[in-house]
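Here's the structure we're looking at; comments come further down.
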C-alpha cells in the first residue's frame, strides 16, 4: 500500500492490479500552540491511508510542502509558490501516467494548495488523456461540519487550527495534539479578505480561527468519515462509468 | 528536532537557539528486488536525523521526489525535472531564510539530485546572503567505500542498489532490506555513458550495479559514519570561521 | 471617467484627484442562444461604470478576454491560459502604480478569471506596496440571489446564462438579450466536477445552467445593486482605515 | 460582424461561412493634448470595422493594451511587456484556430506592438498550420502619407499624434479630437534613437511628433483608404492562391 | 583590442582606460553559392575591428549564431530563437557592466537579429543604468547603398547575398568570396511577406536577393565606411553629452 | 571542415557524406597572468579541429561564452547563466538535427559548462531521437594527467591555468602563452568548496591552481592526445553499433 516500500521487481504487476495512486499533500504551516507545524501533512497522510484501504490504491510519499502565502510570515511556515508547486505536481503526474496508473488522486490537507492542485490537474488532463486526476479537500465537509460544530465559523471557506481541524487531528493523529494548549481565538476577519490580498497577520496573532477547545475526536471522526465516503464514492462512480 | 512536530508558538525561540535546518531529499526510484523504491528517502532521512543530533539542528520533512532521468523508465520510478526541483528547493530555502535560519543543509540520498542541489544553492547564495547553504551526498564516501568494498565499482561515480548502498540500508534502515532477494548483477556500463545521455535500461535490467549480496551492516556503518563525521566537520569549520 | 478618453496633458492632475482605477474584465464565451458571446464583458463594463460613478474612479478599457478552460470547446469561446492572463494583469497593475494610482480594482464578469485575478493581485501586493488591489466578482451575490431566484441553483458556485446571469443582463445590457430564445436547461452536473477537470460539454450542450426564462430585470437589479453596494463599501472601509 | 455580439448557437454556422477573424489591437498611451489616451484603440477598432465589411469578416473585441515602452513614463500610458503580449495573442490565435477560423488578422493601431505581433504570428505559424495570420499597421501608408503631408516627418518610421495620426482620427473618430488644443511640436529626435534605447521623454515633452494643426479629415481619409485597399488586397491575393 | 587575448592581470587597468566593449554578432545562414554560411559573422567581426580601432574599444569574441527564422529551412542554416538569444545577450551585457564597462556596442551582421538586439538592449537599460547599450546594423546604409547600387533592391529592408552584401564581403573578407559562382537571382518577393510569416523558400531557391555579379569592393568600401563613420559618430556624440 | 566556410549550395551533399557536427565551446574567463581570457575557447577550437580531422566531421563556429559562476568576479570574466546556455545549445542542436546531422559533439574547454552540456544533451535526446549527442571534456585526462604531472592537483576535479592547462595551451596554442609570466600559486581550496557555493576569490587571487611554471608542450601533447583518442573511440564505438 505504501508505494515507496514496494520494490521495482514486483511493482509492475502490482500496478497492473491497482492502477490507483494517491498523493498526500500538505504544508508546513503555523497551526497555533496546540497543533504541530506539520498538521496538514499528518492529516493528508492518514486520510490517504484510509482511502487507499477502501479503494485498494497505493499511497505515495507525502509531498510535505505547499502554498502558504497567507501565513508565510508566521513562525515556522514554509511557502512554495504556486508555479513551483504546479510544475512539481505535473512532473509527478506524468511519471505516474508513464508507469501505467489510470487514477492519480491528490488528497489535500491544506486549503492553500487548492489552486495548484486544480491547475496541475488541468495540465495533466491535456497531456495524460487516459489518466483520471482527482483532487480532494475533505469533500462534503462543509455540510458535515455545520452539523457538529458548536461555534460559528469565522469565515465561509477558511477553517484553521480550530474546533474543526483540531477535531480532525484528534481523530487522525491524536498523539500530535496538545489539548492543554488549545485556545479560543475568534478573529474578526475583515470582509475584504475575500477581495484583496490579506496576509493573516492582519487579523490574527495565533493563526487559530475559532475555539479549538471545543474539538473532539467524535466531531473529527464524523466529518472525516463523511469526506472519506465521498471520496470513495467518486472512485466508484468512475468505475461504473468505465 | 523534527521541525514539523514543533508548534508555531515555540518555534521562533527555538530557531533563535538553533539556526540550522536540515532537509532530507531522496527519490522514488527502482533499487532492484531487495531494496524498496523509497531507499534514497529512507537513507536521507535517517542520515539527516543523525546529523541533526550531532549539530543540534532541525530536520525538515523529507522531500521524497527527485530527478530520476536515468532510471525513469524502470518500474516504480518517479521523475522530477531539474528545473522543477530547483524552483521548489529555492522556495524552501527562501522561506527558511525568512524564518531566521542561517544554515540550510540539504542531505541528499540520490546522486541524480546533485545538479539541482548545486544550482539551487547558487541561486540562494545570491538572494539570501547571510544563509549558508550546504548540499551533502555522503561526503568522503569514495575513499571510505574503496577501503571496505570487496568488489570493484561498476563506475567511478555511480553506485546503486549494490554492495555499498545496500550496506547503507543495512545500517540505517535494515527493516526495509530483504537480503534473501539480493542479487549479483555486474553490468558492463558502456564507456560513453559519461559523454552521451544513457538511460540505464541500456545496460542493466535490474538497476543493481554490482554485488548486493556482499552488503553488510558493518560496511554501511563504516562509510556512513565517515560521511557523517565529514558533514559535522563542515558545520564546525564554518562555526570557527564566524 | 473613461480613462482612455482623457488626454495626457490633463490626466496627471486628474489622477491626483482620483487615484482609483477600475478594470472591467470579462471573456468571450458561449452563453446559450439568448445571450451574446460577450456577455461577461458587457456586465463587467457596465457594472464598472456604476462603480466608478459611486467612488469617483476611472474606468479603464475592458480587457475582453479571459480564462475559459471549462467552455473552451463551445462555439465562439476564446480561452486565455491563466499564466498569460496573470502576466498581462500584472503589467497593467505595475503601470497604474507607476502612474500614481493607489487603488486598482478589477471588476470581473467571468468566474473563470478568479484564479488569475487573485494571483495577479498577490503578485502586485509584493511589487507595488502602496497600491491596494481589489478583485470583485459580484460580492455578496450568493445570498442575494438565493432571495430572488425561483429555481434552485445547478451548482453551489457556478451560475451561467441562467435565471441569474440573464437577469443581470436584463438590468445592465437589455439590448443584447433575446428573451424569445431563452431556454430552460437544467443540467445534471456530476458531483465530481468539483474534484476532477470537467469540461462543460460533459454535462451541458447549451451552456445554460438553469431556467433562463425566469430572468427579469428586477431580479438583476436587486442582486447587482447589492453587489455594487458591497463594492462601494469595500472602497469606503479602506478610506476609513487610512 | 461584431463577434462578441453573436451567440453560441448561431456562431458555428456563421464561422463556416466566414472564417476570417479580425482583432483590433491598440494601446493606452499619451497622444498629446488634443487626442485621447485611447487613440490607437479607436483607430484600430474603426479600421477593423471597415476591413470586416470589405472582406466579410468578424471583428473581435479590441485588445486595448499594448507595448508602450517608449512612452511608458508619460502621463496616462499603460505598458505591457512584449513577452506578456505575445503569450496573450498566441492564446487568442490558438482558440480561433480551434474554433475553425482560417484567417486571423491583427489590425494594429500602435507601432510599438509590431514586434509582439510578428513574433506571435510566427509562433502561430508553427502551431496552427492551416491558419493564415496577418498583422497590419496601415500597409502602404508611408508612400501615401508622403503625398499628402505638408510638413516633413520627424522620423523615418515614427509618426505620433501629428499631422498624420491626427488626420486618421479626424477621419475615423472625429468626435474624440479637440483641434482647438492641437499643437505644433517638432522635436529634434536624436540620431541615436535608432541604435540605443531612448525613452521619448528624452526628446519630447508633448509626445506630439510634428504639426498636429495641419491635420485634416481629407488627409486621413486618403491614407487610411489606401491602407484599407492594401489590406483587402492581401486578403484577396490569398484567396486567389487557394 | 581582442578582449579574449588579454589576460586577467592586465585587463582591469585596461578597462579603466577604455570602457568600450564591442560584440560582433552574426549568424550561420545560407548565403547563396558564392558566399559562405558564416558571411554575417565575418562581416560583423571585421567591421567590429575597424570600429574598435576608431573608438579605442575592445572586440569581444564573435557570437556566431543568430535568429534565422526566415531561412532556417535552407541548407546550412542554424536558428536560435529570439528568447534564447535575448537571454544570452543580456547575460553578456550584465557581466560587462559588472566588469566596469560603460558602453556595450553590438555590431550586427544579420538583419534577423534586430529584434533580439533591441529587446536585450532595453532589458539592460533597466538593469544596468550606467551602461550605454548600442546596436548597429550598418547605420545609414540604405541611403549609401541607393547611391551605388546598379540594380533595384528586391525589398525595402531585406538585402541578402546580393550586389550589396557581396560588395561588403569583397571589401571586408574577399578571401571568402567566390565571384565565379556569383549569380543573378531577382526574386518576386510577395507583397504579403511584410504582413504574414513568410519563410524565404516561398520565393527564392538560392537565398540570393538580386544580382550578386554586380558586387565590387568599391561599392562595399563606400557603404561600409559610411556605416562606420556613423557608428563612430554615435560614440562621439555620446562622449560630448557626458 | 570549417562549417561556416562552406556554402549553402554544396553543404547539403556534404552533410550527406559526413553527418557529424562538432561544436567547440569555451568561455571568457580569468586564467592568470600568462594565459589569455579566451584560453578555453582556443583549446576547444583547436581540439575540435583535430577531432574533426580524425572523424571527418564539420567544426561549427566556436561558442565563446560559457557558465563562469565561480570566477565571475575576476577581471575579464563573462558569465552566462546555465539556463541561458542550455536554451542556446538546444536551439543549435535542433537546427543541426533539422539539417540532417546524426551526431552532434560538443567539445568543451571549460569545466563550468558541464552541467549545461549534459542538460542540453538530455533535452535533445528527447526531441531529436535519431541524433547522437556527445559532450566531451578531455575524456580520460584524469588518469593521463596523473601520469605526467610533477605537482599534486589542488582539487580532485578542478584544474585551472596550472601545470596541466598551461601544458594544453603550450601544445595547442603556444603563441598565446607567455611563460615568462607563469606563476606558482597553490591555493588551499577549502574542503567545503564541494558542498557549498564557493566563488574562487575566496581561495585564490590569481585563478591559477598550481604550478604553471612546470607546464610543457610534451605534457600537454601527451594528455590531449589521449583525450583525442578517447573521443575518436567514442565515435567509432558508435559506428560499430549501428
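We call the chains A, B, C, D, E and F, going by the order they appear; numbering starts again at 1 in every chain.
Criterion: a residue touches a chain if its C-beta (ideal position, glycine included) is under 8 Å from a C-beta of that chain, and two chains touch if they have at least 3 such contacts.
Owing to the predicted nature of the structure, the values given are computational and were not obtained by experimental measurement.
J.: Within the chain touch network, how many edges lie on the shortest path between chain A and chain F?
T.: When the steps are counted carefully, the minimum from chain A to chain F is 2.
J.: Hopping along touching chains only, can you work out the least number of steps from chain D to chain F?
T.: 2
J.: In terms of residue-numbered contact pairs, which of D-E, E-F or A-B coincides with B-F for over half of them?
T.: Equivalent contacts to B-F are found in D-E.
J.: C-D versus D-E: which has more C-beta pairs touching?
T.: By number of C-beta pairs in contact, C-D is the larger.
J.: Taking each chain's centre as the mean of its CA atoms, how far is chain C from chain F in angstrom?
T.: Centre-to-centre distance between chain C and chain F: 57 Å.
J.: How far is the middle of chain A from the middle of chain C, if each middle is the mean of its Cα atoms, in Å?
T.: A distance of 30 Å separates the two centres.
J.: Quick one: which residues in chain E touch 2 or more of the other chains?
T.: Touching at least two other chains: none.
J.: Please list every chain around the ring, with chain C first and chain D second.
T.: So the chains, read around the ring from chain C toward chain D, go C, D, E, F, B, A.
J.: Touching chain E in the complex: which residues of chain D?
T.: 69, 82, 115, 118-119, 121-122, 125, 132-136, 139, 190-192, 194-197, 233-234, 237-238
J.: Within their complex, state which residues of chain B touch chain A.
T.: My answer: residues 2-12, 15, 28, 30-38, 41, 60-65, 68, 72-81, 83-85, 87-88, 90-92, 94-96, 98-99, 176, 178, 181, 206-207.
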